[in-house]
Structure formats: C-alpha cells, structure tokens
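Presented below is the structure to which this report refers.
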Amino acid sequence: MESLSDKIASNIISLSRFIPELVLVGGVLVLILLDLFKKKKLLLPFALTIIIFCIWQLLRQWGLELQLLFGGFLKLDQAAVAWRVLLCLATFVSLLISIRSTDLRLKGEFYTLTFGILIGGHLLIMSSHLLILYLALEIMSISAYALTLFAFNKAGSEAAIKYLIFGAVSSAIMLYGISWIYTLTGSLFFMEPEFTDSLLNAPFLSFVIGICLVLVGILFKAGAVPFHVWSPDVYTASPTPIVALFSTVPKLAAIAFLLKWLLIIHLFGLGPVDWIMLLSAISMASILFGNFSALRQRNVKRMMAYSSIAHTGFLIIPIVPLSEQATKGFFFYSIVYVLMNLATFMIIHFFERKENIVGIKDYAGTMKTHPLLSVLLVVLMISLTGIPPTAGFTAKLLIFTSLWESYSSTANPWLLALFTFGLINTVVALFFYLKVPFYMTFKPGSSKAGAKRSNTYCFENYFAGLMVLALLILFFKPDWLLDVINKINFAF
Amino acid sequence: MSTILFFLPLLLVFAVLAIYGERKISAFIQNRYGPMETGYYGLLQTVADLLKLLQKEDIVPRVASKALFLVAPFVIFVAVFAGFSVVPVLPTWQGASINTGVFFLLAIVSLDVIGIIIAGWASNNKYSLLGAVRSASQIISYEVPLTLSVVCVLVVTQSLDLQVISFQQGVLSNSYFADAENYLFGLSFANVNTTEIGGVLTWNILRAPVLIPVWIIFFITTLAESNRAPFDLPEAESELVSGFHTEYSGFRWAIIMLSEYGMMLLTSLLGVILFFGSWNTPFPNIGSIKLASWTTGEVGSMASVFWAVLWLLIKTIIMVFIQMWIRWTYPRVRLDQLMSLGWKYLTPAALVLLFFSALWRLMMV
Amino acid sequence: MALISIALVIFLIPLTAFAMNVIAPKSRARTASYISIILLLISTILSSILLLKIGSESAVTRMDWFTVGSYTFEVGVLLDFQGVLLLVIVNMVSLLVHIYSVLYMAKDPGYTRYFGFLSLFTFAMAGIILSDNLLMVFVFWELVGLSSYLLIGHWYSKDSAAKASKKAFIVNRIGDTGFVVALCIIWYQFGTFNLDEIQVLMESSQLQNGSWVSGLSALPAVWLSFMGIGLFLAAVGKSAQFPLQVWLPDAMEGPTPVSALIHAATMVAAGVFLMSRVVVLLDLTTLAIIATVGSITAFMGAVAALAQYDIKKVLAYSTISQLGYMLIGIGTGAYEAALFHLFTHAFFKAALFLAVGSVIHSLHALKQKHNLNIDAQDMRIMGGLKSNLPVTFYTYLIAAFSLMGLPLFSGFLSKDALLVASLNWSAAVGQLAYGVSLLAFATVTLTAFYMGRQLLLVFFGDFRSGFSVSEIQEGGWHFKVALIILCTLSIGFFWSFNPFDYMSSWLLNTLPAKLNSTPQFDLEVRDATNHSFVGVGSIALVMAGVLLAWLKFKPGKILTFAESDQLSFLERVSINNWYLDKFYERTILSFIRWLTLVLAQVERKVIDRLVNSFGWIGVIFSFVVGWLDKVFIDGLINFSAFFSSQVGGMTKSFQYGKVQSFIIFALVSLALIIFLIL
Amino acid sequence: MAYFKNIISAAKTLSKGLGVTFNHIKESRRSSNQVGINDPSYFSEFESGINTLQYPHESIPVPDNGRYKLHNEIDDCIVCDKCAKVCPVDCIDIEGIKATEIIGKTSDGTSKRIHAAKFDIDMAKCCFCGLCTTVCPTECLTMTKSYDFSVYDFADHIYSFATMTPLEILEKKKLLEQSEMERTVAKPLPSKPKPVIKPKLSISSKSEEIAAKPKPAKPVFKPRPMIKKKKNTDD
Amino acid sequence: MTEVTFYFFGILTLASAIFILITKNVLHAALSLVVTLLSVAALYVFTNAEFLAVTQIMIYVGGIVVLIVFGVMLTNDVSGKTIISGSVNRLSGTIITLTVLVMLIYSGQELTPIATKVHNTASIENLGEHLMTTYLLPFEIAALLLLIALVAASIIAGHDLQSKIS
Amino acid sequence: MIPAEHFYYIGAALFSIGLAIVLTKRNAIMILMGVELMLNASNINFLAYNKAGSLDGQFFALFVIVVAAAEASVALAIVLKVYKHFKTINLDKIADIKD
C-alpha cells in the first residue's frame, strides 16, 4: 500500500504529462468567462489559439515512451499522441467552419461543448480503465446531445431527443456490460494482465454477453450499424459545423478505442470467440446500409450521414485484422477521412449559408456560379468514393492491402468476404457521391442559385482548397505522411 | 425507537409553543399583544386551535387524486421527522449513530420536496400546483448553497457524525478524542490553546471565524429550505392562497404545519450543532473558575443530561426566535429575486468560503 | 537517364497545359489554347526523338512511392517501343485535335474548360502508357475515365450529353471492378505490380496438378483464368466490347474532336494496349474468350453501323467493330498485329472523325444561317458535298479506304495481319474456332458496305436538305492541316515499304516477337502461309461490300428513307444496336434500380417487418379472441371496434422515425450477434 | 462593482430592518399609555409600546362631544317628525298619534300635542351625520359618547325610544277617532279636511313654517345623486 | 432479520419498478420511481455502502426524480387531466425483455463469483482519501462532466430567454 | 451475509424492467425513468461484487450516479424543448424529419 504522499506525488507527476488536456479544460473555463464578460468577438480566435496551444503541447510529448498516468487510469503512448493531434486538428477545422455562422460563433456554450467532445475524445483515446471509458463516452454524449439542438428549431429538438434516447439507452446497456465484466473479473483496469486472465477463466456465455454489451456503447458512438440510426436525423438537423465535428471526433475516437478494446478481448488470441467474424459483419452491414441508403437521399447532409456510416464500416475494416500494418493504414485512412469530410462540410456549409442550398437538386448549376467551390466539391466527392487521383484512393488501397495480407496469412473466410464486399461497395458509393457533381455540372441552375453570385473567394474556401490540395498531395506523395506514421508505435 | 419516543413529543410540544411564540412575536413586532384570552396570557390558544383542527372535517376535493392527496402530508412529515434521527441531544445519546450523519440528514430532508409536489399535484388546483412547483424549485436551488455551507463546517470538523462534531466544540473534546486540541480562532501558530478553556471559544463559529459568514449563508438557505418568510413564496397567502396546502384542512393541514415547524426546529438544531457548540455550555473556564466544567457536568450524570438539554434547547430556541424575527421583518421576495439570490450570490459565496474554510483547516492542524 | 528525363517532360507537359488552361482567364482563352498547342507540339517532337532513341529496347526507371509497414509501393517509368510509339500517336493526334478544335470550338462558351480537359486527358493517357506497374496504370486508367466523362459531358446542358457521360462512366466502372479483382489476384500471387517483374515471375510459373504455382504462392489454376478475365473485363469496359459497348455510341454526344481523339484514336485503344501489356498473363481460356468476344463485337458493331443515319454513330459503331478486330488479334496470340491495327486505326479513324466533324461544322453553319430545325448529323439531309468540301472529301476518301482495308492504305496491312492471325489460330485450335475467322471475314464485307454507304450518302448524289449545296463552305486552315496530316499517315507507305505485305512492316519487325509466356501456350500463329490467300480474299470481300453499297446508294438513285416502323428486321437490329440498350434497360438496370430501392429501404423495412410481424401476431390473436367473442358472447360490435383499433395501432406504428423501434432493431441485432458468436 | 455594492447595501438595509423590528419587540414590554384625544401627547407617543387596547377590559377615553350613538329624550320630544324627514339614510322611523288636548310640556316649555307611538332609530343604518340633532326643535335628539353598541342580532341595532305600551296606543287612537267624529258632527263645514286624511301631515301651523325650511335646504342634499353619478362613471 | 429486510426491500424494488411499467399515469410512475430508488438505496446498505445509499437518496430522489417530476408537470396540461402515457411495441417489447431476462438469469447461474462476497465497510475517510488520490482523475472528469452538463442544460433551456433579451 | 448472486438477480430483473419501460412507453419521460432503472441495476452489480480491499465498485457506482444526474438534467432540458416545439412528448408523434 502506497502512502498518501506517494500517491499525491505520482498524481502530480502525471499532471505534468496531462498538460494538453489541462490546457483544454482551462480553455473551457476561460471561454466561459469570456462569454460571461460579453467579449463574444474574442471567442473564436481564443478557442483556436487554445487548440493550437494544445497541439503544441501534444507535439512536445511526441517521443515519449509508454507511460501510465494517474495510477494506470490513462495510458499515454505514441499512438495516443498521434490520435489526439488528429482529433485536435479535426476540432480546429470544425471550429473554422463555424466562422460563417454568427449564431454559433458568438455563443460561448458552443465552444464549451465542442471542447467537451474533444476532451472526451482525448480521454477515450488514452483510457485504460473502464470508468474512464464510461466517463469519456458520457462527456462526449452529453455535449453532443446539446450540440444537436443548436439550430434551436423543431427538427433540431426532434433529432436531439432521438439521439438522447438512443444514446442514453446504449450507454445504460454498456454500463450494465461494464458491471458484468466487473463481476467477472473484479478489476476495471482492462489493460492489466489480471483482467485478461480472469476473462480467460470466465464462463463463455457471460464473457460474450459482457463484451458485447460494452461494444454497444462504443459502436453507438462510432455510428456503426446497427447502432447508427441516430445519425441521419442528427446530421440533417444540426448546424453543419457541428455535424462536421460529429462525423470526425467522436467517431474516430470511438473506433480507435474499439481497436484497443478488440486487442484486449482477443485475449492474446486465446479467447474463445472469433471477433473477426463479428466485426466483419458489422463493417459489412455498415457499408451496405450506408451506401445503399445514401443512394436515395435528397438532402446533402443526410447523404453525408449515410456516407459517414459507410465510412465507419470502412474504418472498421483495418482494425479487424489486428495487424500493425493495418493499424497504420487505419490511421492514414482516418487522416484522409478527416480531411475529406471536413472539407466537404466546409463547402456544404458555405452553400448552405450563402445560397441556402440543402437539397442535392439545389446544387444544379452551381458549377457556373461558383466554379472554384464546385470543382473542389467534385474532387472531394471523388476522394470520398475512393477513386484516384485522390488520397481517398490511397487510403482505401492501404486498408484493403493490409486486409488482403491478413487474409492470406490467416485464410479467414470472413476477411475475404469483407474484402470483396468492400470493393463492390466502392462501386456503389460512386453512384451517390457523383450525384452532387452531376447536378452541379449537368443540370441548369435554378434561379435560386444563379440569381446572385456571392463571393466565393473567402477565407474558409481557401482553407477547403488547401485541404483538397492536401488530399491530392497525399495521393502523389503519401510517403510524407506515411513516414511519420511508420515511426509511431501502435502498441503491437 | 428512542428517536420517536423523544422527538415526537418534543416536536409536538415545540410546535404548540412555537406557534404560540410566533404569534406573540409577530404581535410584538407589530405593537400588538397577540393571543391573550385563552389561558393565562393566551397560552392555551394554540391548544385550542389544535383541538379545533382535530375535530374539523377532513375534506378531500372531488377531483383530487385521492390516494396521493391523503398520503402527501405524511410523506412530508416523515421526511422531516426522519431527519431528527441523527441529531445528538446528549453527549451520551443520539437517535441513530451513522457515520454519514449530516449527509443523511440533508438527503432525507430533501425528500420533503416529493411530498410537497405530491400534495400540490394531487390537490388538482392550480394554486396548489404553482405553489408546489415553486417550492420544489426553491428547495432544489437552495440545497446547493446549503450543502456547500455544511461542507464548509465539515471541512473544519473532518467528520460527518453530528455527535463527533458536538464533542469537538467543548471541554469534553479531550474525553472523546485522545489528542484533540483547540486553538483560539483555529490559528495554531498563534498557539493559544483553548482545549481546556472550552465554552464559547471552542464553538465552531469561533474555532474558525470564517464560519461566521458561512453561518449566515447556512441560515438564509435553511429559511428557504423550510419555506419560511421571506422565502415563503410556495405558500404565499396573498397570491397563491397558501400554495400547496390550499386544499388541505383539519388534521392533514395540522400535519403539514407540524412538518413546517419540525423543519424549523430541525434546521435550528442543525445550525446550533454545526456552528454554536451543540449541547456545550457557552461559559468558558477562566482560570480556577471552572464555569465550563460546572455547567457541563460529568458525562453520564444527571447533571450532564440537564445541562446538555438545557443548552441545546436554549440555543435552538434562540435560533427559532431569529427565524421568526426575520419572518416578521422582511417582505416576501419575488421568484426571480429568490433565484438570483440563491445562484448568483449564495452559491458563489459558499464556494469561496469553502476554499477559505479549507485554508483555515490547514492552519488548524 | 536522358531518356527518362525526356519521358518525364513529355509526361508533365500536358499537365502544365491543363493547369494553364484552368487558371487562364476567359479573355485569354485563345492565347492559352495556342500555348497548349505549342506545348503539345514540343511533346510530340520529344516523343518522336524518344521513339528514335529507344528502338526495340526497353528501359525501366523506378522509385519508391510510399511505404506501409513492410510494403513499399513503387512508381516507375517503363519505356519500350510499343509504348513510346503510342505516346507519339497520342501526342500527335492530340496535337492535331487541339489545332482542329481551335476552329471547331471557337464559339463555345466552355472553351478553356474544353482545352483544359483535353490536356488532362492527354496527361492521363501518357500516364497509362508510361507506368511500369499495374497499380499506376489503374490510377491513370481511372483518370482517363474521369476526363472522358468530363469531355463527353462538355455540353452538359444537353440532357442526352449528361446521360451519356454518366452512362460511360458507370459502364467503365463495371469494367474496373474486374481490374481491381485482377489486381488483387496479381498481388496475392506475385506480391508485386511491376510489369517487368510480373513477366519474369509469370515465365517461371507453372501449372501443376490444376494449381498455378509461382514462386512461393500457389493458387488453383482457375484463378489464373479469373485474373485474365478480370483484366479483359477492364479492357471490355474501356474498349467498348461486347457486352459493354453500349456507352460508346452515346459518347458521340461530346464534341466531334473529342470523339476523334478519345473515342476513336486513343482512349478506347487503352484497353487493347492494356491487353498487350499483360498479354503474358493470359492463359488459353482467356485468350479464347478474348478472341470470341472480339469477333462477336467486330461483327455486331459492323452490323449496327449498317443502318445508322447519324453520321457519327456510323463511325462509332465502326470503332467498336475495329476494336473487336484488335481483340481478335490479342486473343489469337498476335498481339503485335493488334497493336499494329491500333496504331493505323488511330490515324485513319481520327481522320474520319475530323472529316465528319468538318461536315457537321459546315452543316451547322448552314443551320444557323437559316435558323433551321434540322439535325446537322443526319446523313439523310446530306449528299453531294464533295464539290464544296474538297479537302474533307479527299481525306475522308483516303481514310475510308484505309478503314475498308484496300491495298496501298495502312488499314489493309494491319487488317491483313489480323485476318491471317485469326485464320491461323482457328486452324490451330480447330472446329468451332473457325467461327471467329468467319465473323472476322464477314465483318470485312460489312465494313466496306457501311463505309461505302456513308461515302455515297454524304459526298455523292444530291444535297437533300433543300438548300443549294453551294451554301456549304469548308472550314479554315485548322481543319485542313489536321485532316491532311492524319490522312497522309493513313497511307500504307508510312507503315510498310511494301504496301501489300505486312510482314515487311518496320513496326512489326521492331516489336518483340513472342511475349506470351503463359504455361502451355505453344501455338505458333505467326505463320504467313495463308497470307496471299487472305490478302486477295479480303480485297474481294471489300469489293463485294463496296459494290453492294454502290448498288443501293449509287448517285442519282432516288433514295427513300423508311420510317423506323417500316424497317426490315435486319435494319431494326442494326439501328438499335442489337437492342442491347433496351435489353440492359429491361434487365440489368431495372434490376439494379429495384435492388437499390429495396436496399435503400431495408433499414426501415427490416424494422417495420419486425414490427409488422409482431403486429400480425397481435392481429391474429385479436382475431381469435374476437371470433370467440362473436361466437360465445354476442360481441360483434365490440369485436369490430377492437379489431379496427388494433389495425389502426399497427398502421400507426409503421410510421417512420420511431426511436424505440430503432432500439428494438438494435437490440435484436445485438441478440443476433450474440447468437452468431455462440 | 455593482455586485458587491448590492451585497453591502442589502446587508445594511436588512440589518436596519432587523433593528427596527427588534426595537419593537423590546418596546413591547410595556403598553403605551392610553390617552384620549384630548391629551396633547395623543399623536406623539404612537410608536413606542404595544398600542393594542384590550378593549372589553379597557378603552380609550372619549371626548365629551363625541358623536356616536343617538339618544332621544322622549319626554322632550314633540314628535315633530323633522328628524325623520331630514335623515339622509332614513334610519328614523316615527309614528305619532294626535292627542285630543295638550298632553304636557317639554322642559323648555313647548307644549306636546302628539303622542309618540313609535320612535325607532336603526343604528345599523345611521351614518352619524348629525343632521337630525340640528333640526330638532326641542333638542331632545342628541348624539352621545357611547360608541360600543355591538350586539349579537342585527335587529338589536334598532333602538326604540317610544315608551307607550300597545294598550295605551290603542286607547289614544280610540280617543282620537272619537273626537274626530265629534268634530265632524259638530262642525259640518270644517276649514280644511286634509289633515284628517293624512294625520302625519296634520301639523300645527307653526310646525308648517318650519317644515317649509327643509325645502330650500334640499339642494344641500342634492350632492348625493351627484356622488352616485360620479361613482358610476368611475366604474 | 437481515435476510428478511433484504428480501423485503428487494421485492419492494421490483414491485415498484413493475408498477412503473404497468401504470399509465406518468406521475404515479415517477412517485413509484421514488420508492424503487429508495429501496435500491436500502439494498446498498446491505453491501455496507452507506455513503452510496445516502448519495443515492440525495441525488436520485432529491434531484433526479424531482427533475423528472418537473418534466412531467411542465410537459403536460396542468389543468389537472391525468397524465397518461400509452405504450407501443407491447409484444415485441415483452418478447425482447423476456429474452434478455432469461439470458441474464441463465448466464447469471454460471457466473461464478470471482469477486469475494465480503463487502468491506468503507469509512468516509477512506472514501474521501481515495477520491482525492487514486480516483483523482475520474473525480476531475466528473467535475468537468457536470460543468458541461450545466452549460448544456442552460443553453438548451435558456436559449429562448437569451434570444428574447438580445 | 446476503450472497452476491441475490443482488445480481435483483439487478438483472431491474435491468429488464427498465428495458421494458424503454421499449414500450410512449412518453419520453417514462423512457428516461426506464434508463434510470437500468443504471441502478448496474450500480447494484457494482456494489454487490465490490472486491474486498478495493473500492472500485463503490466508486464506479458513485460516478454513475453523478453521470446520471448530469444526463437527466440535459435530458429534461431537451424534453422541454421538444415539448415547446411539438406540444407533446409522445415519441410516436415526434417524427418530422423525413428523408
């Protein structure tokens, strides 16, 4: 038994490794104060500064060895640093998207809740204790429920209550799963050997039920089928910057955690259950539902919701084989996904604000009125489909390569099924992604879009252009990024 | 069991006397006599009223939801009365010794909101419902500063057990804690040891003078918790026709009133125990004049019982008196004033004071 | 090293041109187009130099692209004779099309866009040609598809153009699926995409006991066929072969120069080129399939061209037919003959298209002048244009002769080589394989017929539009330069010193003789014994075709054009392209539509079915209860009220958006998952 | 900062308020002296001490000219009916019976000619205006110091001042009828028959002069309808 | 005696929970929830988790249920109509619930208690010390969570007010 | 001492009842109540299986209660918002978003 002062000392040491998150929490407080003292104009610049500062602090942790913080509640390794940087960047861009909507930009609460999601994501990435898992998921959920409502209209409230009820039930189910696992193992530190030992000795049925119940909560956050049903409504009804945030930060954090969780429940390959089958099925179902439901959508944001469900399926693909290479491909895919999705939402948001365009059909003729943006959107859609010459292709190539590699070494038929299924669906995806460019270029514009020609050349469009450029560069020179990723040890 | 045996009669007697007292005090403040006719100086007036209430018809409105309507006063009463179970009366006796004492008290007392809501809703009367909703929001809001202010004391005393807290504040602290030491104003560096002096100097409010503002917050919030003026919006005779108990009459109304006075007593007792030395004597030992020890008595002796009950009741009655005094001094606040007082003033202040209390505690050790 | 730098310069020049055209402001559009012409000229010259330098050698330069874990993806440049020659042709045709387009597109609002996409296409094509690994090929393959899509849809305001571009893109994607599958098999078997490595590995691989062993890995032999078929499927998509040829006629909605460049000369040839690149990988089964499909396509295309009235459609079907020829060459093992035909075809078909473009341009001018409501591409209103469009006429004549396969022209040489190869192959394989040769020879006659028909309808006889033919004027020097250069290159001398003997062609002699290293591939098909017979026979067949055309459409004969419902069966088959579109519409497309409809609603349907079935159980139960009610207690009214409320509740619960149903759905899925695991 | 100023001012005012009420409690040890209105300190000493009067047991001295309950000295009353006529609320109910001869003299020497069969004052209606006392010719109707006339029954507020018994009334009526009949028999041509028909109005000529006075005084009472009107418009 | 009390509270818990399930009146359900939560608190006492029991009463009964009751009252016509909640998915809900119950109980039988049955009594001091040392991080996260929930609830509920003011 | 299994059975039953409420009730607030029951079921498990010498279970339960409070506050705020817009919190009738 450690003495009290030892514990305090170790906590203080841990705090020094916890600075990025402390920066964020401090930022939340300062933002609330700024809001309180009516310095609304300062909110956005300050929030962005905080995130940059946080990234800087994260980069200072880059070379660190694996460390356990706060007596093992958190595990800090290189992968965690990389993931957190990615989440910070995603949040940064999402906030940038909001620059156009004054109703969000001038609300202090918007920033508090956004940071809440970000902090939840950070904790989820680092967690190695089931309590932290639960708390992190709840922080994200509660922030997300409120953010869903930020349009403050009828649709927003409807989406929020659906999200809320679905989320509350999933988290309750997950909690019951956690309690179940606790009864099985008597431990909550899931990264510790005792935990896995006791799971190995656990009765089969109980083991399966407990793990599956916990999976519910994670998959809910990731928006994977069959726990995806909230996302179309939420994506449709929420303001676009918030949707952009939803489609990246919680999703990636949850799937990154899913990877970790999968490693554990695999029990060093000794476990009685073939989780590959389960996750392949979920991935396939997500891709199927996502792509096919997207086919008939009329609202761009709703289409993007289904697209993100499908992408969840694609993101799960590389974590199924549990190989180091696949994990790297996963990270690469995540980066590309963040770039594609956020840039897309940036442009969608621009059209929504400036031209009041939400339906896919309303995009008709925008190629004439906003050529630059339309070209960017075309490239983005191509990238989302996964066709060269964009990084979307490279990313899909990477994950499918590693999947195939894994199949050839294990010969698990599920992997093959997943492989072929994923490929076929890439073709299906084309049909709905290209609907937008199709309308943009090949349909005469209605008077609505063509009447006034608003200025396309504004800050966030240049930013979207930069991201598209990054996508193209990542296609031609993925090495620049992959070199960095290859240096990260993803804990295998 | 002993709790019921002791506190139920106490509560009844207290209620009778307090109602009488309240009428008298209100009268005096308004330059009146108050009840004078029944009994000597009007002493039996409340008894007469009580008798009248008991024989009144128990009216249940036709559209009320009957079961809830009937049970609500008892819920309120039970919630309040359960709070008494952890209150220490003597050094040697306390209703139930559970180590989460104060916490339990606060928790169980917060249940009376439920009773009030049931009462208000079951009456099926819009005044009642408004009163109930007001009452609930008020009680919930003020629970925050109340708990915080109690926590301030707990930070200083380091215990949740009210009996332990009582022992700490007097000359008996040594008999209970082997190495307990009290310093003047809690400033251990000043090195004025008051352990043997006892009396008023070892009361919490002087052990750590930071608790004086805490007590003020505590007191204000207890007023709100027990729906006393100036926070009696839930009852607001003039606007809501007595709020949640508009539809009650007779015996059930009496029980509601009994609960209200019980709440007064309970909060006063709690205040006395937490801040004003519980059953300890106010007189200090001055040199060889052992006023404190004389007015405390040997633990377990009859003298001790007498002194303890005496001091506790005196202090409590003073507190009750202050509550009444305040009631007849201030006008009723508006709902927004109530909320802004609770959230904008009391809660932040309590938080700041919590910080200072912790500092004080650090100095005491 | 010098070679690789030249190659890179050639590779990047079109990209520069593309970027320039995109950036260029509207007011400087023409300047930009001229600059890109100059750039392309440079790149044509450079590629010619490259061709001279490379000779029959091949050079590979390679570098790392990116690394994932232990894998390294590489990019590299493969320079060999066939590639560089195609590069020259692509650049040259592209250059000429650029020049041509300056006039043709002069008044088009999308001028810069057009030139930008042309350059982009050239860039992508160069990428396909120069890539040394299949992955890169695939990348540029997609890019080519994209730029084709953009160019077909150039006049996107036209509904038919938009539809055509979509159709082209989608049909191509079907082929690409095959490419991806093939890539996977290749990756699994060889662990590399590099063409030269694949060749070496393939040569060392063997077929043993029904399994295909290469290096360390082994697959069932059937995978070898699958791989070949997959690659072939890609070529089928891109080169518009049966059964995916439907997109090409529709693609004629694009501007005519685009049709000349992409849908006649280069892009469609990419499939054939790919086949020639991977010819080492094709086993006998695949080759037989390729030959069969090629011959079928050649015949079907020719038949479809017979009765078309749209001047461009004739050429489009002709292209399909000729591409079929090329694939016959691949399938019969004469890949060099196929390439030969590819190169010759590139020139004369481009010339034909540009000539036709000139005709259309002129008629369009007429149409605008008189503000007519006519279709400028309809042959039924043309006729007798030879006097007023002399340059067009003569170039068209030369190119048409070349296409028909008359001696002295390039087409004769390459077609001869193909026919010989097919006959040899049929002889070697035997029996049914003669069908391939038969179709190939039949096509010769049909080709001569429809080309003769077009020639006669357009340039001879009377001008049938009701205006004086003198109102028709030929386009400027841009047209003439392009036409003359292209038709000059269609003359046989440029390809072979002896214009009657393809064996003496410098091209065929430079190409490496036998590439096919598939196990058990031991057919000797480069036998020229049948040559003289085939040459004479084919000339006779051509003559027969021309004669038929002359008889039917000779000048002076009064032509009546039947309405579509009065057409003969053959004509109907022809004009409707064997009813393929309708067939697809009825079967595959409607199936896909049905599938998407079903699958898109699966989400709600699954849930609803669930609820539905529970509801049904409830209804049945209530029915039973109600029946008991009715029988035993006279509760008919009660029953009907109960029943209707049940049904009402049931229908209400079908409403979309019920979060609890979703939860039930999720839970049931969860339970299914758990049971799945158990 | 307004926030802290708020707190300080609140604390100040609240403690001030507490001080005020506490002073009251302190003062409540004693009762304030019950002084009458005549006392010069009547208004000045209002604040301190309990002001309540324990009424049945004690009361404030009333000044001698207090105008509370009406009292009629029936012996001096000549039943002239003026008070009933002038009363704005009609709270005086009088019934007189003409006597056949002078029945007596009042204290100031006026001779009484009419019996007072009924002289009721309804104090519940009375508005204490005092008009009746001013018109009373014999000053028999006066307002007294007595202000406590609380009763259990409403009807008990009607005070009867007539002292005649019902028997006496009957007798006097009979006497009057008799003398009337005698007069009609003796003098067939009476000067005026009217007083016969309306006995109430058959007043002596002297009283008729006085009765004329109220007529010009009527405008004084006119304001009543005016006030009513005003109220109506207010509503 | 302990057992009897335990089973009494256990049955009370389930009975009141079932009452929530079957009642149509939302307010009755809310009040029944109070009973459930209180008896769950009593069950906590049997695991020697006194502090948790009191916390349960304080937060759940004193806070959450009151919030719920508020919700009930604010989302209904207060003029006294009974607040009725109909039910949906009766059959499917029942089937699923029964499946879950059977599954839980069935697998609960094979649940060999690895954790010991000795419930150790945690003194408040002990709890407090752990909260400030071992559980410092979750404690702080919970604080942040509450802050965020506060902000969230205030922005949701107070938005109209804000927009009215500005 | 009460065996831990008995707690477990009560918890499991409570969980199922909560689930049934969530699945079958139309009223959003009822569903929230069901969720609270489910959370309580987990808490019973945590406390009943708290290992000797460790406080993990107790702390987990404590934090669950805290989270439940936070969630309930946000949830009711949302429910009120929904009521404001839809004039009902009957989940069947809250279905405006269509694709």
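Per-chain residue numbering starts at 1, and chain names A, B, C, D, E and F are given in the order in which the chains are listed.
Just so it is clear, a contact is a pair of C-beta atoms (placed from the backbone, for glycine too) under 8 Å apart; a residue touches a chain by one contact, two chains touch by 3 or more.
What you are looking at is a predicted structure, and each value in this text was computed from that prediction instead of being measured.
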{"item": "Shared chain contacts [subunit B and subunit F, defined touch]", "value": "E"}
{"item": "Nearest-to-centre chain - CA centroid comparison", "value": "A"}
{"item": "Result of counting contacting C-beta pairs for C-E and A-F, higher pair", "value": "A-F"}
{"item": "Centre-of-Cα separation between subunit D and subunit B, whole angstrom", "value": "57"}
{"item": "For subunit D paired with subunit F, centre-to-centre distance based on mean C-alpha positions, whole Å", "value": "78"}
{"item": "Inter-centroid spacing, subunit F versus subunit E (mean Cα positions, whole Å)", "value": "6"}
{"item": "Rounded Å distance between subunit C and subunit F, as computed from the means of their C-alpha atoms", "value": "61"}
{"item": "Junction residues of subunit D - those touching two or more other chains", "value": "none"}
{"item": "For subunit A, residues contacting two or more additional chains", "value": "131, 135, 138, 142, 145-146, 149, 152, 161-162, 165, 169, 182-183, 186, 205, 209, 233, 296"}
{"item": "Interchain contacts (touch definition) - all pairs", "value": "A-C, A-E, A-F, B-D, B-E, C-E, C-F, E-F"}
{"item": "Subunit C-touching residues of subunit F, taken from the complex the two chains share", "value": "19, 22-24, 31, 91-92, 94-98"}
{"item": "Of subunit E, residues touching subunit F in the complex", "value": "2-3, 6, 10, 13-14, 17-18, 20-21, 26, 29-30, 33, 36-37, 40, 43-44, 46-47, 49, 51-52, 55-56, 59-60, 63-64, 67-68, 70-72, 74-75, 85-90, 92-94, 96-98, 100-101, 104-105, 108, 111, 113, 115-120, 122, 126-127, 130-131, 135, 138, 142, 145-146, 148-150, 152-153, 156-157, 160"}
{"item": "Touch list for subunit F against partner subunit E, complex", "value": "1-10, 12-21, 23-27, 29-30, 32-34, 36-37, 40, 43-44, 47-53, 55, 58-59, 61-63, 65-74, 76-81, 83-84, 89-92"}
{"item": "In the complex, subunit A residues that touch subunit E", "value": "4, 7-8, 11, 14, 25, 28, 32, 69-71, 73-74, 107, 109, 112-113, 116, 119, 123, 131-132, 135-136, 138-139, 142-143, 145-146, 149, 152, 182-186, 198, 201-203, 205-206, 209"}
{"item": "Of subunit D, residues touching subunit B in the complex", "value": "3, 7, 14, 17-18, 20-22, 24-25, 27-28, 32, 47, 49-52, 54"}
